Amino acid sequence: MTSTESPVRIAVSDAPGQPERTADLDALYRRFEDELLVPLWTEIGDLMPAHPTPAARAHLWRWDTLLPLAGRAGELVPVGRGGERRAIALANPGLGGAPYATPTLWAAIQYLCPREDAPVHRHTQHAFRFVVAGEGVWTVVDGDPVAMRRGDFLLTPGWRFHGHHNVSDAPMAWLDGLDIPFAHQTGSGFFELGPDTVTERATPARSRAERLWAHPGLRPVSSAGERTGSSPIAAYRWEHTDQALTDQLALEDEGHPGVVEPGHAAVRFTNPTTGGDVLPTIRAEFHRLRPGAATATRREVGSSVFQVFTGEASVRVGDAAWTATRGDLFAVPSWQPLTISTRSGADLFRFSDTPIFERLGQDRVQTEGAAR
Amino acid sequence: MTSTESPVRIAVSDAPGQPERTADLDALYRRFEDELLVPLWTEIGDLMPAHPTPAARAHLWRWDTLLPLAGRAGELVPVGRGGERRAIALANPGLGGAPYATPTLWAAIQYLCPREDAPVHRHTQHAFRFVVAGEGVWTVVDGDPVAMRRGDFLLTPGWRFHGHHNVSDAPMAWLDGLDIPFAHQTGSGFFELGPDTVTERATPARSRAERLWAHPGLRPVSSAGERTGSSPIAAYRWEHTDQALTDQLALEDEGHPGVVEPGHAAVRFTNPTTGGDVLPTIRAEFHRLRPGAATATRREVGSSVFQVFTGEASVRVGDAAWTATRGDLFAVPSWQPLTISTRSGADLFRFSDTPIFERLGQDRVQTEGAAR
Amino acid sequence: MTSTESPVRIAVSDAPGQPERTADLDALYRRFEDELLVPLWTEIGDLMPAHPTPAARAHLWRWDTLLPLAGRAGELVPVGRGGERRAIALANPGLGGAPYATPTLWAAIQYLCPREDAPVHRHTQHAFRFVVAGEGVWTVVDGDPVAMRRGDFLLTPGWRFHGHHNVSDAPMAWLDGLDIPFAHQTGSGFFELGPDTVTERATPARSRAERLWAHPGLRPVSSAGERTGSSPIAAYRWEHTDQALTDQLALEDEGHPGVVEPGHAAVRFTNPTTGGDVLPTIRAEFHRLRPGAATATRREVGSSVFQVFTGEASVRVGDAAWTATRGDLFAVPSWQPLTISTRSGADLFRFSDTPIFERLGQDRVQTEGAAR
Amino acid sequence: MTSTESPVRIAVSDAPGQPERTADLDALYRRFEDELLVPLWTEIGDLMPAHPTPAARAHLWRWDTLLPLAGRAGELVPVGRGGERRAIALANPGLGGAPYATPTLWAAIQYLCPREDAPVHRHTQHAFRFVVAGEGVWTVVDGDPVAMRRGDFLLTPGWRFHGHHNVSDAPMAWLDGLDIPFAHQTGSGFFELGPDTVTERATPARSRAERLWAHPGLRPVSSAGERTGSSPIAAYRWEHTDQALTDQLALEDEGHPGVVEPGHAAVRFTNPTTGGDVLPTIRAEFHRLRPGAATATRREVGSSVFQVFTGEASVRVGDAAWTATRGDLFAVPSWQPLTISTRSGADLFRFSDTPIFERLGQDRVQTEGAAR
């Protein structure tokens, strides 16, 4: 490789600890570039900052913008083999135009027209759906039809064949979350096509997975010893999420523990075979703030995406601030301080890449300046 | 210690591999006894058999016998400090009169008269209650009142203060299960008294523990990182257990997996923070057999106790066989082959010491002669 | 079962909380006995004491007594099929003459005459050997010959075929430790015969297991993902144990941490695939006290057995106290306070059943009155 | 954000499943770009390929090139506060000039002149050193001086203060490996300065960490319950690595298992508190091939870097092939097939990011076409 071909360009600066600039040094740097070498001393400030300084930026996408654009795509872009899904991804403005909400997370609005099918495939990337509004679509996961309804959180763990079909006369849109950026950056994803259409067309109210697994504290003896990497619960229904949040706030009213902090109830979606996160790479939670409540300011290693489900939330992420309402999505980069408050109350869905850092012992959280 | 005081008596036999009996050998054996020594060669047949040959025996206790005797105790024996509980334990006939249903498990009928209190205490021994019939008692666990109703499975993990009180005008009886024999034999139990009466007298339909934890696949974010040794769910309600069993049999009807074997649905009560057993030493399950169904013959390391909840079951344990009906309890010793069948259908609650053996890697199961 | 056959005898006492003694009560108790029932209220004081009050007693067995008796057995008792081993077990005086050093642990002196074989068998009970003196025997574990030498700690994990043979012209004696009592009481042991003689007669200085596994912090890539229940290291050699203890005391001299407490170095034998105990049910350690050192007084849940390797130790266990020297063995029951001190220095081997309690979350330790 | 500022540019192609190109579609795509949105259907081929198609490329860096350039840097670039280290990183030609050997791994040659110090700092990024030649430097980790010598593998787990000093009259160079790229991409690294010079200047042959922890199968009782995220062994010495490899090949000669495959011995450096990898994000191994041996062709999820320690290796990675000798380093991207063979024998050090994928359940290996 000659110097003109090398991608390496050594940046000379006045940063502390830099050697005196001389012709000899320049010649050495040219040699480094030729040989695909980069000094630590010119890069350390960017590479190893005192705390994370992510390229990703805090950003808000409005549902009122997203939904009509998705609807327009519904008119212009067919769903089928090759394109696979009518999904439109959030592209974080700090990540060079890549379809990444954060360095690790994919977030997209997916849109299915009436009576439309999305073809069957599988991939090692882990996926979930969250439904901010609507119903009428069934996602079929390894042959098990799973109804998608408002407020539901639905799982498609890695390497399960899945397709969707809309049995209703109305279009339906929802949020897709995956670890596509993480898999892509680390070179760890596999993909395989299945049938072009969904063959299992039953539309039960509850999936088979729920009938086996969505009973509180119970598991089938037939698979009682297993610890699966991802949750076997295909759908976490809104009625249960809502009840759990309602219970937490009622306990707070009665003077008992349970809420995260005053006026702030929250549940985590979990894998009943382990008690841990639903997917190996993705954490999912639902948060409810009472009218007038505010969260502590909190920062943590890893990035997350929120979607407002109901109400109105005042959000501050580092220097950015917005008022977010139903369907709005925002990205929170690693170690950016986040505060959410609300005048009239708000429900928010959240997902993050925290399990990656917890499993690697790299998680860190700081609340109101007090690290723990 | 002189020979006359020594508890050691060496048994001479014709078992294979025994040395020739001589005066010298007898003299040596006397010396062994004096010095508190026992040869392996005289004992190995009993100590290390080819497979477990437990002293405990298969045995059935009839609810129709137990309940009147407990009622009679209600008339003659007050509940109070010192005696602590009006609990009457099953004593396995092979265990020398000790109040042990099996070498590791305690099973007792507990009885509380109308308006009666059982005083508060705590112990490291783990406890549960199972309610075959009745209602009206609240067990208060670390200040959290837990209603006890027919079909419910209730937990009192080790070292939690707990007392009971009957708020109704009828007596109530239920099954208590604990690991008292295991703790006693291994010298690992601690006990502490609390108040003489139950001070928290609210009678809510759901405990605070349930309101925080008994939502399928959800956990409070406020304690989301914890893995607790015992389940935080204070009560597993009959409506959920019944629904899960009903779902399994419906799935079987539809041709899908889920049941243990044809006509046999079963759920395990689990700790939602780990996906494992509810208590470190005790497994608890609920089994439902359709009319006409029969289990495979199965033996496993460790012992268990069953209680029939509804219906009629034909039970065979080794050479013993009974027909058991509502409330009847039977003990299954380690490695004894067990078969249950039913003409008209049966629901059975089961608990066992299997977690001990699984955690130590000593578990073994054999079904229909095929070890796995 | 009639009353005369029942093993149950209800003990009436003046303990607190007992009901008034009446003819009716006596009649009820007779009925209980007939029906194999035992009240909690008459038993709770013994069954559930404030802290463990084990039946096992602190006791010392002198090596100077044991070794000649084992030698006499060498003259009178052949080793062979049926008797299997010339092993003579310590029988705790509190355990009714059973060959149990403690309720869970077996400890025996095993003795092999010159040129003698002990036949091959296997059992699920876990075993180790510790060599207080001598050499010349190889134990062959699943075909791998393992030299036994002074100071070595050797493993025979459960269900591995093993036999021993003495290739020297001198007899050899050593300590065997197993979990036979635990397996027997809980009905969890299996046993199987192998060949009558040891067929693999090579006498290498290092076993194959050591050549693969006994390198500090290294493991073979060929089995690098495995976590085995027991350690794959067949022999922990004295030279390594001695070096580790010497290093700890030298670090103490230099002012650095490492020792357990002043003047007290100790290492635990571990499973390199997990970092945990060598066997699922048995912990093994080696302790070295400098001249003049004394341990804190410590009690813990679970029982242990010590053997003095060198030097002289003043031992106090509850109310018992001895001076123990080379080869002497003593049993420490659960929760009995233990203090060891030494004028001239002492090395002690120790094994215990602690892993059972740690895995079940029932472990508890109290040092100098301060529980942790 | 206006369209001219948006980093998003939607690429239109003829890939399968693309919508017909129309003015309306173009208008929609412009709107997507304005709103920071990217369709899945235009990107899926690159984002979610059938198997990993990493941007990183297989590449070889020659030690004979690296060492003189590092030496030249020794003349021109002082080591000190700000630049922190005279480390020169390998920049993978597929990664745009970033100082990343692979998407997750940093590999650099570090060079210290005679009597020179590298200042003290700490960072959450995990580090190791491997010494292909030379000696005379001590790395001081949290106050513990660790000698660096030929063949040694040395650890600096995350968040430990560390500096280096060269006590000899010769320069010394070595390989540094870290997870800097992973931490940078995911925004998870923290960094803190310590003293400008190394204050602990003792030069012991063994570190305190080794004296406590580098005894086969033994751990200090004083910290016996701990499971640490990284290995406490500061240095894995060449004499042990060499012995373990020698033993494996001797076992192969004797017909016993142990080697990875014929003629190929390998050990993994492990954390003795867990049996797992030395660092949460980095696996390290040492491989030895006999003269004439060849590895199977193997591909796996995740990337690795090899350094030849002795001998000569013919390496094939996908379409690339080199003959590598002492000190040469090569990068193996994810899922690229790797084969190594040698005429005269070769020793190779290897490190990889496999623990990341194993902990997330994303690991996959394929050998000779047979996935397992």
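Which chain is which? They are A, B, C and D, in the order written, and residues in each are numbered from 1.
Criterion: a contact is a pair of C-beta atoms (placed from the backbone, for glycine too) under 8 Å apart; a residue touches a chain by one contact, two chains touch by 3 or more.
Treat the numbers as computed from the prediction; the structure is a model and nothing was measured.
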If you average the Cα atoms per chain, which one ends up farthest from subunit A? C
Could you put a whole-Å number on the gap between the CA centroids of subunit C and subunit D? 44
Length of the line joining the C-alpha centres of subunit B and subunit C, rounded to whole Å: 29
Return the distance between the CA-based centres of subunit B and subunit D, expressed in whole Å. 52
Please list all residues of subunit C that touch 2 or more other chains. none
Can the chain contact pattern be summarised as a line, a ring, a star, a complete graph, or none of these (other)? ring
Interface residues, subunit A side, partner subunit B - complex: 208, 211-222, 224, 227, 231, 233, 236, 240-241, 243-244, 247-248, 250-251, 256-260, 266-275, 278, 285, 287
Touching subunit A in the complex: which residues of subunit D? 1, 6-9, 15-19, 22, 24-25, 28, 31-32, 35-44, 47-54, 56, 59, 61, 65-66, 69, 72-73, 76-78, 80-93, 95-99, 103-104, 108, 123-125, 158, 180, 182-192, 229, 280-281, 301-303, 333-335, 353, 355-357, 359-362, 364
